[in-house]
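Below are two complexes that have chain A in common, paired first with chain B and then with chain C.
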Partner chain A sequence: MVEEVLAHSDYIDKYTRELVMSERLERGLQTLRAQMDTKVKSFFSSCVHCGICAEACLFYTETNDPRYTPIYKTEPMRKVWQEEYTFWGKFGKKLGLTKSLTEADLANWEELVYDGCSMCSRCSMVCPVGIDIAYIIRKVKEALAASEYSPEGLVAATKRAVEIGSPMGVKLVALQAQIKHVEADTGLSIPMDVEGADYLALLSSMEIINFPEYIEALARIFKHAGVSWTLCSEAFEATNSGLQIGNSVVAAELVERVVAGAYKLKVKYVISPECGHAFSAIRWDGPNFIGRAYDFKVIHILELLEELRNSGRLKTSGKETERLTFHDPCQIVRRGGVEAQPRQLLKSVAENFVEMTDHGRMNWCCGGGGGVSANERAEGLRLKAFNRKKSQLDELNVDTIVTACANCRLVMEEGLEENEMDIPIVGLTEVIAEHLVED
Partner chain B sequence: MIAGFIDGPLWYFSLTVFCIGVLWKLASIIFGKRKNDLSVARASGIPGAIKTVFSRFKADKGMVPHIRVQIVAGYMFHLGLFAVLFFAAPHILFIEENLFNLDKIGINWLAMPHWAFIVASEFAFLGLLMLWLHRLMNPVSRLISTADDHIAAILTFVVMLTGCMALLEGFSELRLLHRFCVELFLIYFPFSRLIHAFTFIPSRAFTGAWFGRRGISS
Partner chain C sequence: MLINNDQDFKKAISELNITDQRKLAAKFVESVLYLNPDPLIKNALEIAGKKIVSDSDKKEFEAAYKNIKSLAVNTYTACGGDADWPAQAAHFIATATKACLTPAERLDSNKLAWKCAMQLRMAKNCEMIESDNDVIDNEAQNQYIIINDFIRK
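Coming up: the complex of A and B.
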């Protein structure tokens, strides 16, 4: 009798497990179908599987594992396209010859997509038939997130972002504490919730906790240039975990918070911090997430600094003499279009600025973008991928690295530490602040 | 009877499938569902789209040392095939007389000399074989290749081979064999990877426009 009950409960367990699994697969399939737009169809129709994209991906070049080939990471979506949108796919399905997308596929691709892709888009720049591979990978992420195949670290960060307001769990009190320190150090006051200010500055959690010198630099530069600005106690966080994990609903919710803050304070501009994906999320993807255009403009801090410099409001003196280079954050430069400004700003305060072999829109990623740095499981792979940046730095032999993204900075600091390379990394906004002409 | 079928109904059928298939595919891509981008553009996407359609003919300088085989073999194959397809004397004669009656409206162009035909054919053959060997031997392209990629390569090779055989004009069966292979090729074309010969244009344009409106040269 007992054996019969146990056997029956085993059957129920197995049945329930299969039911849950098929439900997860169905959610993934529905998400992929919903995102099958004409661009994706055009891209898959054009792909000749030449494999050139592999050579543009640091996760492939540093591991030589063909599974990290960018177009291979889009395989779940290609399978759905093949089976449901092509003649041979439909024909093969009727004959039972087509290999359908399975639950195991989703499970296997989770690691490839979340750990082995920083969404840097370098692959999209080299495809001979013009496929924006990162565009498709972003859609695969959406399906993986919908079917609950996402890494724990990123899920937890997203949960914190929704519940607390920051992926790192940074609350307003933590920001206020940092502001107090900055105010004590500089003698300047940091404006908070000032209605009618021209600019609303956003920050990333990493800047608040790891690099508060960015806040100090903002205060000094804006005081110097006479910029009317404020922070918002209800919308200070710029990072968007929804974008990183591939959940458009969460991404929209986080963008709405910034929009509400901007409307409440009636600002004309929202300033994206140096953080790369935050810029992408608020400047380019934000209106698409919430389904409407903003009533304010979004500007990256480096764009604003260059505008202030060109209009004569930002005056610098003296130049750094040491040999330094600039690491291009992918989301700011390659996918954000802020390429010339950091170079012009840097040249205005540095006399020995050298470029890496591949720079600007063809830079190599630090390895930690797209949520990879928030994914503890990916640490080993990320450090391996950092060897590409290491090679670039070895060629140059610089004294200092300048960048414009808190995430890149932290990831590179870890990479340098791991490789026992003693090169300081600084943020470009801070470098500019160091050279302000004293009033 | 078979000759009549290959030269007649099958030819018109394959040509119709090819033309309608390609037009249908392009129309479904150009007029298909895609969302409007609501972010404020830095620049119009159109110049970016046009630029990228042409710029991707040239590989990025930093990438070249890593993809020499694909570049060299790719250009050898595509240029060789293009030259043979449109400038080989038998093809010009066929197009002028049978396809669009171009000779009657005064449109014609010069055939390349025989030696150039030989060079172009060798380039096309060598390029295709190199690409196919690369597909089979390189771990990356081996992993990502599908049956369609191999069928398309084999079919193209057979069309080219029978085309060379058809040069022996004394054997009309060889000309028929070539024409039959071309007809199979035309029928397979719109439903296969071969369609990239047309869809690469909207693909590049989409990506170029996306980057272009962000002020990025792609």
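Coming up: the complex of A and C.
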């Protein structure tokens, strides 16, 4: 009797699926299955549906829209897990009682995942059963990208990253022009392609375009501290669009370019700049993307600056007197572990440094990470989400905000502008450079 | 003493009062105004050169600052956006003009003209990148000429 029912269900299932199956959906499903590793399966098995993750997510807290509950953003993958890895899910599917993933689901989750998640991982921190929700969301992005449900802006940025080497179309000639400018202004030389240098410094396109003063700050600090360093003409870009859009093949390709540059120049260290996801991509995920360990170490610029300060090679004088705070870039601090270093650095050059209530690894995101700021469609939601950061700043009443991520900087400038708040935002590396002891 | 390096340039600026810094900064911007013909910039420069004597002057000043700040924020190249060097140059002009109008109560207002000058050099650099011109049109030299003239008067 059961076999007859199941056989009949098989027939209905196959017929229904043939009607609704499309190539994009098929690709999405295949990718979800391929991404379903043991970690993901154990996470889904562990979820107790408590909803605590919602209160940790600024997209939920600032909209009260339950769709932005972090674990809900993983629903496409959860559906597949349930149908294919759980008894009741398999049984329900056979009887035609479950609602399988549809292409409409993929379309709906594109907006939820790309517009309403900055991959800040605050949800992962609060989950009482230890689910790394951001980890699952990244895998959902792989499926969405594979089925071509990704925002236009991110797709275009990824294409530029692969074809030109920069998501913002910054070519080597543009970097060389910025370098010449810095050299003319400072009298310092910016080394390029120096084989055997200790450190290879990466840059983000955002820094090259919007904050070229970062390059000057690096040159001044490294000269002062006697650091042997270089840029690489074939691998200067730190950002990784593959990570942001959710395409690990592209992510691996972009990491390989940096690795090739580092090996060619025989450096001991690669420095990740003031960019959040770049640090995640090259430091923590990179070896997994390319399937092997590096022969060099990766260090964040703030880690290096603090090492130099601690060892006495970086000496500063004078202190900022205005009331200032530090906005923690999520990927650098919470996911990256670089929490103490920016504080030690800031305390060495600021006498009135105050912390936001939720800071360090429990900071609130600016709302623009994970590709959200590159997604024009998400602007309204992003500005709403910024209300969380606004309320933190309203409490503190600071004169200046210091941060260490070019994207956070711009996102916060826009948020402050939207709310008619006039607080300058500066980069930490530049602040340190301003206080260097003159030789 | 003729100013021909950044150390002396920065020192000379810091010795100027805020009204003179605003006037000097406005002159810096005027010399590269062609990179951003937005009328808000011109309006802001006219106001930057005025002395604030009345409440209505103060209100006019605050309104100009607010408008130019908005322009500067809205003209950044967004993360992941395709680099448009002329637009980025226009952004740096807006940011430089914003520096001209920095409120006096800001503790860093004695660096106002310096900040303005640095943003303008970045604007010129964007122009150079777009034109593929290998020759550096060093805006710094132009700024030394401007400040030398300004101090002499």
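As a working rule, the second predicted complex is superposed on the first by the 418 of 439 C-alpha atoms of A that agree within 3 Å, B and C clash if a C-alpha of one lies under 4 Å from a C-alpha of the other, contacts with A are read in each partner's own complex, and residues count from 1 in each chain.
Please note the rule applied: a contact is a pair of C-beta atoms (placed from the backbone, for glycine too) under 8 Å apart; a residue touches a chain by one contact, two chains touch by 3 or more.
Here the structure is a predicted model, which means the values were calculated and not measured.
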item	value
Superposed partners chain B and chain C on chain A - clash or fit	fit
Per-residue touch tally on chain A - higher for chain B or for chain C	B
First (chain B), second (chain C), both or neither touched by A:357	first
Touched partner set for A:88, first chain B, second chain C, both or neither	first
Touching partner for A:374 - first (chain B), second (chain C), both, neither	second
First (chain B), second (chain C), both or neither touched by A:168	second
Touching partner for A:48 - first (chain B), second (chain C), both, neither	first
Least Cα gap, in Å, left between chain B and chain C after the two complexes are fitted on chain A	26
Footprint of chain A on chain C - complex, ascending	6, 66, 69-70, 73-74, 76-83, 85, 88, 91, 103, 106-107, 118, 121-122, 125, 128-129, 132, 136, 138, 140
Residues on chain A engaged by chain B in the complex (per definition of touch)	37-39, 41-43, 45-52, 54-56, 60, 66-67, 69, 71-72, 86-88, 124-132, 135, 283-288, 291-294, 297-298, 334-337, 339, 357-358, 361-362
Chain C-touching residues of chain A, taken from the complex the two chains share	153-154, 156-157, 160, 166-170, 173-174, 177-178, 180-181, 184-186, 205-206, 209-210, 212-213, 241, 244, 321-322, 368, 371, 373-374, 376, 399, 406-407, 410-411, 413-414, 417, 420, 422, 424
Of all residues in chain B, those that touch chain A in their complex	25, 28-35, 37-40, 42, 52-53, 56, 59-60, 62-63, 66-67, 70, 74, 135, 138-146, 148-149, 191-193, 195-196, 199-200, 202-208, 210, 214-218
